[in-house]
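One structure follows; several queries about it will come next.
Just so it is clear, A, B, C and D label the chains in written order, and each chain counts residues from 1 on its own.
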Amino acid sequence: MAELLPLPEAVAALIHDGDAVALEGFTHLIPFAAGHELLRQGRRELELIRMTPDLLYDQLIGMGCARRLVFSYGGNPGVGSLHRFRDAIEHGWPRALELEEHSHAGMANRYAAGAADLPFAVMRGYAGTDLVAHTTVGTIACPFTGEQLTAVPALRPDVAVIHAQEADRDGNVQLWGIPGVQKEAVLAARRSLVTVERVVDALAPRPGGVVIPGWVIDAVAEAPGGSRPSYSLGVTARDNDFYRAWDAISRDRDAFAAWMDEHVLAGTGAP
Amino acid sequence: MAELLPLPEAVAALIHDGDAVALEGFTHLIPFAAGHELLRQGRRELELIRMTPDLLYDQLIGMGCARRLVFSYGGNPGVGSLHRFRDAIEHGWPRALELEEHSHAGMANRYAAGAADLPFAVMRGYAGTDLVAHTTVGTIACPFTGEQLTAVPALRPDVAVIHAQEADRDGNVQLWGIPGVQKEAVLAARRSLVTVERVVDALAPRPGGVVIPGWVIDAVAEAPGGSRPSYSLGVTARDNDFYRAWDAISRDRDAFAAWMDEHVLAGTGAP
Amino acid sequence: MSAATNGEVQTVVAARRLTGVRSVFIGVGRPSTAAILARMVHNPGLVLVYESGTIGAKPFHVPLSIGDGELAETADSVVSVPEMFNYWIGPGRIDVAFLGAAQVDRFANLNSTVIGDYDRPRTRLPGAGGAPEIAASCGEVVVVAPHAPRTFVERLDFLTTVGHGDGAGARERLGFRGAGPTAVITDLGVLEPDPATKELTLTQIHEGVEVDQVREATGWALAVAPAPATTPAPTDQELGALRELSSR
Amino acid sequence: MSAATNGEVQTVVAARRLTGVRSVFIGVGRPSTAAILARMVHNPGLVLVYESGTIGAKPFHVPLSIGDGELAETADSVVSVPEMFNYWIGPGRIDVAFLGAAQVDRFANLNSTVIGDYDRPRTRLPGAGGAPEIAASCGEVVVVAPHAPRTFVERLDFLTTVGHGDGAGARERLGFRGAGPTAVITDLGVLEPDPATKELTLTQIHEGVEVDQVREATGWALAVAPAPATTPAPTDQELGALRELSSR
């Protein structure tokens, strides 16, 4: 049953050094506030899992808290490179980063298998690519037709963290807009934390609303604006200017460190 | 692209003798009007596919249009037996009925595999039961853990028929309330027909709304009340009294035939 | 208040079993009545899950079908049938499942498929529905069935749903997640699997019922606990709530 | 109106390619601009599908990301990422997919993973994203890329996405559903796979571009059609709409 906790307490209780952590949200609803809290608490040696690392993982990687990254697309959408991600992979700065790389279809199916508590998922994919030699996939034959298909191993993060528009006082969560893989991530993970724009007395059913019952969530933390510079449809807008500005901030190691000191570590919680 | 057609034309165009036809709807939104039209047009030798045969398939089976039935639960929910279904299986009346029987989990995964155009789905199920010897299932080993799991073959009906609350003039369909396996059935089938309570100028997004774009549907037919005695949430209510009354109507072959003559074949379209 | 019928006692015992439980998976009929009663009396926060995809339904009336509109309208979340089985039942997220059956054997295996031969059945029953996977995966299973020799049989005509298979260790060999049947609640008493052998044992009888009467209603040589408990009579609150619910 | 730049011509040619097409799968950047332009000028009913799960999006602005709010707010249907890949892309429901890449080879295979060695890359690129399965399954693929020797290479540093593999028959051997790349649209012209060998062949050049200029911008000995067509200049309507769109 979800406990309503202040964000620092929720992060302290649920995310530990060395954990495999999936902070999910597909462009929309990226849990920046939770990621920043994790940085302020100095979590280390994390395995970071996320389909689209985006700016949040660029920040976590640049700050050196990740040992390993599991992902499928590491870019600044519509802008260009994630410079901290590149610096870690190209130059090992601030530390070497182990990679496990998949396609989007592979990652989505890995989460779905995790949510179903199956050890793997079947799909068509990866065939003929160099990814096969550099990641974890298998082949599997259909027992009815003999057709060869691809198997991907289930993802079972230690912790999933997502952001949603609202929760009620029992910790039932509702998100709407692009749903991504957030439900799958929560159901696949051993523990889960949901940050929300607001806590309400009762969830009003919404078009496109995805409701995750509180009894499959460990903690809910109120974090208004907690997805900025990403967005929470209907509450905040995507800060596309910041996504563009990040290119310059993140290109230089010192500029990055200074920005993180001022905007994240100082604890304002602003992006 | 969905064509808006009168129901008789849609049924004539899309459903042929000998087809494998899935009329879906899980308690809710059962496409009775389409099934009755199919009876009036005298379709024969059908393979009827449906998780829960319900009263509609009791009627189709009792009228002798089914050669084969693929299903997972053949009861009158909360009332008891489906007497026409039983009579066909127990006494071959009005004709013998070939069965392929699964569990709900198996059928749901078979539809999902069909919708994904995969030849099979992986699940945990059937293990240890007598169903294994009487249906089509296989076993499959996880290529990563070695765990033995169950494989079920994809369902690819020739035609799927579902009922929804509304469609717009481009044939985009919206249903809400219990969604069952209707989206999967439409996506798994080669052809599809959706009957709707009403055609509207524009679909207004609804809580719980499942929208199926018109370009994956072949025909949409307006059929107000077309799910009765099942129901269309927010438009009609489930006629529980009729479900209870069906027990007596269907128990006797002659009473059944008389009822069908009067209420279905005469063309009133009432249940 | 008039004395409780054995059927009412059966429902109340089933409802009591849901005290302190988070979630219950239910079909229609008595199990549904018991679960709604539990929400009224024993466990107001109980999460009702129906295989139609309604999670956290709060029906005011006992639904006739598992897909009545009231279930969808009052649920916390309504999901598709594939999601229900793959994301909710399969991974064992539901604590207790209530199941019924036409035949139950001494290891609480269930038949809901046929009486007689599969290909030429004397009585064709509805079939498996969700039961095999529900019984394999939910935290535990409570069977609710009327106590009669034709129901409690020496040998099932068809094994639709595995309870404890051929006894201790069977579920583990099949790789099942849940604990399996922990109780069979009838209109005469309660059978529970022996901790060592998993054979159903009469551990509780309802007021006014004799042990011999239960033996006679059972199609095999029923194991009986040294001193079966007597079911505590339904309280006025329980019986009042049950009757009020049934009258809605 | 001032003359079209080569980049504008590239966008217009990509947009024209969507005439008469039902659905297109697009990422951000020029492909997104081209698809929105196509809805404005060539194909008002075109269904735009983004991997964020938005089906039938009708953006007024060119989105910066594939998940901008406007895409969700204007879509006919918004689905989860697993559903997008499993129910929509994998079964080949989308007619055309626009893809970009850092490297393209003579069989229209694509690299968006690394420049240099995988374990010690000179340049780490974003990675596969949805491209491998999109290219395998969508009806056909149109590659949109800037024409330069570092992009059009003799040998990919990493094969992220299969176009035509090692030539004719490769896709069939891999069991792919879609036809694969049918065109590579650059700022200099259009390359199309030879029907027999699947090797990319220059079949069309933009106005003012010389064949030799295209050869020099290609890292392999480029096959050239006997008489490459000249791209019809963007019409005033096309160019006006494109510039108006870009200014929104």
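Everything below uses one rule, namely that a contact is a pair of C-beta atoms (placed from the backbone, for glycine too) under 8 Å apart; a residue touches a chain by one contact, two chains touch by 3 or more.
The structure displayed is predicted, hence computed values, not measured ones.
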Could you work out which chain's C-alpha centre is the most distant one from the centre of subunit D? C
Pair with more cross-chain C-beta pairs in contact, given A-D and A-C: A-D
Centroid from C-alpha atoms only, then distance subunit B to subunit C, rounded to Å. What do you get? 28
Quick one: subunit B and subunit D, Cα centre-to-centre, how many Å? 40
Where does subunit C touch two or more other chains at once, residue-wise? 86, 90, 177
Subunit A, residues touching no fewer than two other chains: 112, 118, 123-124, 147, 183-184, 208
Considering only which chains touch which, how would you classify the arrangement: line, ring, star, complete or other? other
So, with touch as defined above, which chain pairs make the list? A-B, A-C, A-D, B-C, B-D
Give every residue of subunit A touching subunit C within the complex, in rising order. 1, 112, 115-118, 172, 183-184, 187, 211-213, 215-216
In their shared complex, at which residues does subunit A touch subunit B? 118-124, 136, 138-140, 142-145, 147, 149, 151, 153, 205-209
Tell me, which parts of subunit C touch subunit A in their complex? 22-23, 47, 55-56, 76-77, 86-87, 90-93, 177
In the complex, go through subunit A and note every residue touching subunit D. 26-28, 51-52, 71-75, 77-79, 81-82, 85-86, 89-90, 101-105, 108-109, 111-112, 123-131, 134, 147-148, 177-181, 183-184, 208, 231, 233, 237-238, 240, 243-244
Applying the document's contact rule, which stretches of subunit C touch subunit B when the two form their complex? 28-29, 51-54, 63-69, 71-73, 78-82, 84-86, 89-90, 113, 118, 121-133, 136-137, 158-162, 165, 170, 174-177
